[in-house]
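Here the chain labels run A, B, C, D, E and F in written order, and each chain numbers its own residues starting at 1.
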Amino acid sequence: MYYHDKRLQYPVRVETPDPLFARQLQQAIGGIEGEIRVCLQYFFQAWGARGPTTKYRDMLLHTATEEIGHIEMLATAVALNLESAPLSLQETASESNPVVNAVMGGERPRHMVEGMLHKHLLSTGLAAFPGNSDGAPFDCSHVYASGNLAGDMFANVTAEATGRTLAVRLYNAAHDPGMKDMLSFLIARDTMHQQQWLAVIEELGGSAALPIPNSFDQSLEKQEFSYSFFGTDKDGTPPPAGRFTQGPSLDGKGQFSAVQAAPLGDEPVLGPARPSSGAQKEQM
Amino acid sequence: MYYHDKRLQYPVRVETPDPLFARQLQQAIGGIEGEIRVCLQYFFQAWGARGPTTKYRDMLLHTATEEIGHIEMLATAVALNLESAPLSLQETASESNPVVNAVMGGERPRHMVEGMLHKHLLSTGLAAFPGNSDGAPFDCSHVYASGNLAGDMFANVTAEATGRTLAVRLYNAAHDPGMKDMLSFLIARDTMHQQQWLAVIEELGGSAALPIPNSFDQSLEKQEFSYSFFGTDKDGTPPPAGRFTQGPSLDGKGQFSAVQAAPLGDEPVLGPARPSSGAQKEQM
Amino acid sequence: MYYHDKRLQYPVRVETPDPLFARQLQQAIGGIEGEIRVCLQYFFQAWGARGPTTKYRDMLLHTATEEIGHIEMLATAVALNLESAPLSLQETASESNPVVNAVMGGERPRHMVEGMLHKHLLSTGLAAFPGNSDGAPFDCSHVYASGNLAGDMFANVTAEATGRTLAVRLYNAAHDPGMKDMLSFLIARDTMHQQQWLAVIEELGGSAALPIPNSFDQSLEKQEFSYSFFGTDKDGTPPPAGRFTQGPSLDGKGQFSAVQAAPLGDEPVLGPARPSSGAQKEQM
Amino acid sequence: MYYHDKRLQYPVRVETPDPLFARQLQQAIGGIEGEIRVCLQYFFQAWGARGPTTKYRDMLLHTATEEIGHIEMLATAVALNLESAPLSLQETASESNPVVNAVMGGERPRHMVEGMLHKHLLSTGLAAFPGNSDGAPFDCSHVYASGNLAGDMFANVTAEATGRTLAVRLYNAAHDPGMKDMLSFLIARDTMHQQQWLAVIEELGGSAALPIPNSFDQSLEKQEFSYSFFGTDKDGTPPPAGRFTQGPSLDGKGQFSAVQAAPLGDEPVLGPARPSSGAQKEQM
Amino acid sequence: MYYHDKRLQYPVRVETPDPLFARQLQQAIGGIEGEIRVCLQYFFQAWGARGPTTKYRDMLLHTATEEIGHIEMLATAVALNLESAPLSLQETASESNPVVNAVMGGERPRHMVEGMLHKHLLSTGLAAFPGNSDGAPFDCSHVYASGNLAGDMFANVTAEATGRTLAVRLYNAAHDPGMKDMLSFLIARDTMHQQQWLAVIEELGGSAALPIPNSFDQSLEKQEFSYSFFGTDKDGTPPPAGRFTQGPSLDGKGQFSAVQAAPLGDEPVLGPARPSSGAQKEQM
Amino acid sequence: MYYHDKRLQYPVRVETPDPLFARQLQQAIGGIEGEIRVCLQYFFQAWGARGPTTKYRDMLLHTATEEIGHIEMLATAVALNLESAPLSLQETASESNPVVNAVMGGERPRHMVEGMLHKHLLSTGLAAFPGNSDGAPFDCSHVYASGNLAGDMFANVTAEATGRTLAVRLYNAAHDPGMKDMLSFLIARDTMHQQQWLAVIEELGGSAALPIPNSFDQSLEKQEFSYSFFGTDKDGTPPPAGRFTQGPSLDGKGQFSAVQAAPLGDEPVLGPARPSSGAQKEQM
């Protein structure tokens, strides 16, 4: 079960509120590279963890719990960036204009609204929501928890790699020192999280964990195709030479090669449509 | 641009059509671990590939093109497995019953329908569709192409790891020798595809590619938090010791440690709701 | 604006409630071939209709309004079919068992639940919902209203063609005389609706409406490719001969031919990744 | 920020694992009436809370944090119920059959698979996922946080009312004493949560909070229509008499009445389609 | 069944077309707070209404039917606001520029396009569609019809509270007198609809309807937790005192209290992964 | 199976990169009128094609394969249009400003970002993705493959009609000669594809293919309603006279007429809510 502290994991401050940056930050909350995703991903991996020890369940719970606090920081940052947003499309002086003008260097409210996410104005009352920078709600099909520990660790590295890439892009886009400071913390945490999932892969034996799942008897797969790069160039031009076309495979169980793909099967033949199946008569 | 051959990449044959297995195969077509996903993922990574050489664009095009053929094989397998499906809920002898009874060992049509995906009966006329085993259409937000080559390679390993795990589960569930044969080929290709993306990571320098993106100046991140595992246990019990709490980090740039998480920030304070913002008066 | 009459457009009666058929009927409510789709499609086409007369706006409003009544009939049919559904997974005699046993010929409640849509039991209290037979909610991106009248008419024929195909499949699956009667009415209306949209295409000039949109100056398109079937067979085997490879085109403006596809462009070259773009250093 | 304790908020035990009940429990995790929804809803309301005090932010954080533990309990219950699930469609004795047979009273594995959610077998490795009982992922558009405190409280009552209704239905469907015990706890918590949001509405002044938002000057609305029930019966039959057609309104600011609806506007006239707009020539 | 009148329920006029306001109005059509949602919600509640009288079915049909007319008004308003939208990104004088310039006070077409919803230009031909102001289609999972009358009434109050909040925000953003007039009518109707659902709750007995559902025997719930506010502060700081922590509960069946949350359960233990389940060997 | 050639089907060149046009082009990639949709639609129709000949399977494979190349062209065009996009919100001179200023005629970076799709900046690293111009991912429920050949051909005409309408709108919006050239090719291909599906309908017998499906015995439908236009005007004003209200039907099997709709059924009566169904007591 879970507990909270009202204070934030790391300070969040905004000197110059910017509704457009509020929009961009949403990607880090509810984008597929965002914090809701990793939070739920680590929780569901933990809650379904099977194995002789509870070590990885425990480890996942620590980091999943940390991620709630990251969503909280970003949601706070979004709300603070929205504080100067114009509430009207009118060009005349309005409630928000003086602030807007002072802060954003003369932007007309109308232009600021054009760049905003309309959900921020119309649906949340100038606050964050669990969706991305184009307004799409987060969809939990992106929570990867396959029941295979090694596969899940690669999914976690991926999540933190795309997450850190996003955080770096936000850092480069940001102009507010408070926002840059907050992002420099989140980038550091993404560094660690990339590292820790890779460390688990090492603990699982590194290449011995491959191919994933390693519990399937490889003699049952068509091994003549297990380490061959298939080229599909129409004219048979071979694929570019690389580590993936020659030398020992990374699991140490085969040798890479490159071969031109060719059909091993025939043209498929399906039975005719059946009388009650709703097809046209000509298909029967 | 692209070309086709009417023949299949590998033979697809079904001795005992099984509508329930047709349903399960859909996951390998339109599930997030399925072939539409990897096909589009490799294509979009190729089409957006930036860098001094076209090597990885080329490589990706080969494998993306191969994957279209995998979708084709699975779609054929679904259609063949549906050929005996009952079209009626009635208990009396019907068009399909004799076949059904002979094939499935006395299943009543009604029970077979209960296990089927209704889309197969009602929407496709006994054929495959681009969705998963619970009927949900494939949603292209699962196509990961981040513009960061190393991050994308990890995403590809993940896709092939979850893909091979799925194929193994289907192999274990299958009872038809033709289906087991087809899956043994697809499992082998998943083995190769896992290997080839890992080979690219090796070409990119392995740990030198970390942290992803490696183009961000790490002096700008809060490095005191870059290699620390944060424990969030309420009572301060430390996290389980592991490779992720001690020793050098996997990128060779730091030392892992474990620390108890604590708030570095304050309780956040948002401004009051503004008069025109649609909040309650009490919030203003 | 709109009015209602509490009576149904056509009688809906169910002699033998069948929760599995309730599930199948959902496809006709909230499937992409279903009634919510056509209802909203015709309304949005009407509400956005532009042109010198209001004739098509009027016509669309009549049929859109009729379709609300079809959703109502189907929703009523679903609720009636669910009246005997078991509410418990227990094997012992329960609240619903006697009815269930009498009606469904000895089905055990557990088996009936297995075939049901769980939403019917858990979320709606034995009533219909605006989703399909696999439980997915209707998604309004399927409401086609393009602003091009001819294109929309083809979309409407498509909707009624797939709609009538679905209704026929449901008719064939049904065992209850009341349900067959209701469906025979809905099938008749789908016949009419297919016809009426085709009649509008005839009014729009038939082939003179082509290609859609007919308001684009065809001299601006690359006309050498406007009536050529492109073959993509790897070995250059020509496509099957058909009406689409020879003779005058159906708009009377060209002659069909078949040609082998070949690249007219070069290999694309994208610029390198930019320094702040979050890519790997190796891509820059 | 947040902390965890490895122990569960309330005991979760399963005496007779039942994969079909595992499926039903998913609705309480990732259905729109489920725990992910309330958890995120309360968090986002808290993180965006504006007003002179932090009282409601604080209160929401307590309950949001509690809800994480409810998801955890249900995810654990799903995993435990899946422990006997068959992994094969084959009829012969298999790995799981003896357990299955002993536990479920002779169910054939095939039938058990028919009732299961295929994601449990194919995608999660016998564990829970953040989706509903028909396999659909939770979609965060269901997280209601409008920025209006009173409106959000009604949304919360609704969430807990549908949540408790769901929990009651699961209780009635369940046959395992451990599951009934767990649900009796969750039902009690839903009772409390309904009450506490209603208590906030009372604190906000009850009817003084109406109409929501109460910050809009009602003299700007067309008040002659603010307390009239509009009847839309085609023949003018009045609506059923009720509290909503007579007597003082519940906000004390008007008198209910019933009137027959009639058009106050004209038939709308849109401009013709413009030349470059992609419409047919006939629309211009 | 249903009927229509070609005239609008209330006049819709636009003096100064504004494509950006057209975008904002979409939220009131296809947003989760919008009119499609309430329309379908009241219809599905009506069509599934069970109980000794048809009173609430009747009442719901009246209001559902009224709501179709609201969608129609808003769709008309969107189309009228789009009439001056630029169809080109070019800066030079074009088909639409003179109007645009006259109307919008010198906006360059490019800037107007930037603020528009691209669907309006590219997919609808300057007309409304059933989606929200960020372009997302309406998704019918937001149609709440639970089969529990009291729960549904709270859902309806919520829908009208968020709907009126949205309408107020649009009123505040609007600059066109016609639009303000239309919105003042819709706001009034939202006032009435909030009131009427609250009136039904009063008819259902007010607090006697609680907890929802009131048909569950409360002796079966863990009543010691039914009226306790659980605090989850890490350091045991109690929650803020309020109506929800003390005094009689609002259903008159208990006394509120506040207690510190603590685990009542143990750390969960799941069985090891099974041999055929696709997990890693190390998990078995 | 499939092959590729690294060259493009048709040249793609961009003289003046325009991030806003990149956004608009996304609709042609991942919009419902776009190329991913037709590509997958033709593939799934081919892979599920049933009937005495393989003619239509073959034909569909040719065109489906061509469409992959269209996605590739558009994805390339998006990446090229994004090459000058600003990566920062700052107003000061930055990495990209000089180019931006030279190219776009003095746009400030901030304004350019406002019009962009944020996914292009934050998630793809200045490349295309499989979603539409408002950022929504393509959802494969739009892939129509019904198992009825005639119905599918109408769906294909619809797809190419809305596709060509979209391409024409993009052509009209474009300012870059390279983009206009590419679009003039794609428009020509849409012309052909409209024609070829209509040619198949002609081969299927034209009106003999109607009503779809033509395999249902029309004596089983309520034929008195099969050719009647139902008017739903409240006051009985007849629908506008047209080809759809008089003369022979287009399938030659009936005569059109217009009749006023009226209820043929009664007010529906559902049974009361059952004791364990989670309804309120008052509904039982």
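Everything that follows uses one rule, which is that contacts are C-beta pairs under 8 Å (C-beta built on N, C-alpha and C of every residue); 3 or more make two chains touch, one makes a residue touch a chain.
By chain, with names taken from UniProt: A, B, C, D, E, F = Manganese catalase family protein.
Values in this document were obtained by computation on a predicted structure and should not be read as measured data.
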{"item": "Chain pair repeating A-F, as identified from A-D, A-E or A-C when over half of the contact pairs by residue number coincide", "value": "A-E"}
{"item": "Comparison of B-E and E-F by number of C-beta pairs in contact, larger one", "value": "E-F"}
{"item": "Euclidean distance of C-alpha centroids - subunit C vs subunit D, Å", "value": "28"}
{"item": "Euclidean distance of C-alpha centroids - subunit C vs subunit F, Å", "value": "13"}
{"item": "Residue numbers of subunit D (touch at least two other chains)", "value": "1-9, 32-33, 47-48, 50, 54, 58, 61-62, 65-66, 69, 76, 79, 87-88, 111, 114-115, 123, 125-127, 134-137, 139, 141-142, 146-148, 150, 165-166, 168-169, 172, 212-213, 215-216, 232-234, 261, 263, 267-268, 270-271, 273, 275-279"}
{"item": "Contacting residues of subunit E [partner subunit D, same complex]", "value": "3, 5-12, 32-33, 55, 58-59, 61-63, 65-66, 69, 73, 76, 79-80, 83, 87-88, 95-96, 125-127, 136, 139, 141-142, 144, 146-148, 150-151, 154-155, 157-158, 161-162, 164-165, 168, 171, 184-185, 187-192, 194-196, 198-200, 202-203, 210-213, 215-216, 218, 220-234, 239-240, 242-244, 249-251, 254, 256, 261, 263-268, 270-271, 273-279"}
{"item": "Complex contact set, residues of subunit C against subunit E", "value": "1-9, 30, 36, 40, 43-44, 47-48, 50, 54, 58, 61-62, 65-66, 68-69, 71-72, 75-76, 79, 123-131, 137-143, 145-148"}
{"item": "Residue numbers on subunit E that touch subunit A, as the complex places them", "value": "18, 20-21, 23-24, 27, 31-33, 105, 111, 114-115, 132-136, 165-166, 169-170, 172-175, 232-235, 261, 263, 267-273, 275, 277-284"}
{"item": "Subunit C - residues contacting subunit A, complex", "value": "165-166, 168-169, 172, 234, 276-278"}
{"item": "Interface residues, subunit A side, partner subunit E - complex", "value": "1-6, 47-52, 54, 87-91, 110-111, 113-115, 117-119, 121-123, 125, 134-137, 146-150, 204-205, 209, 212-216"}
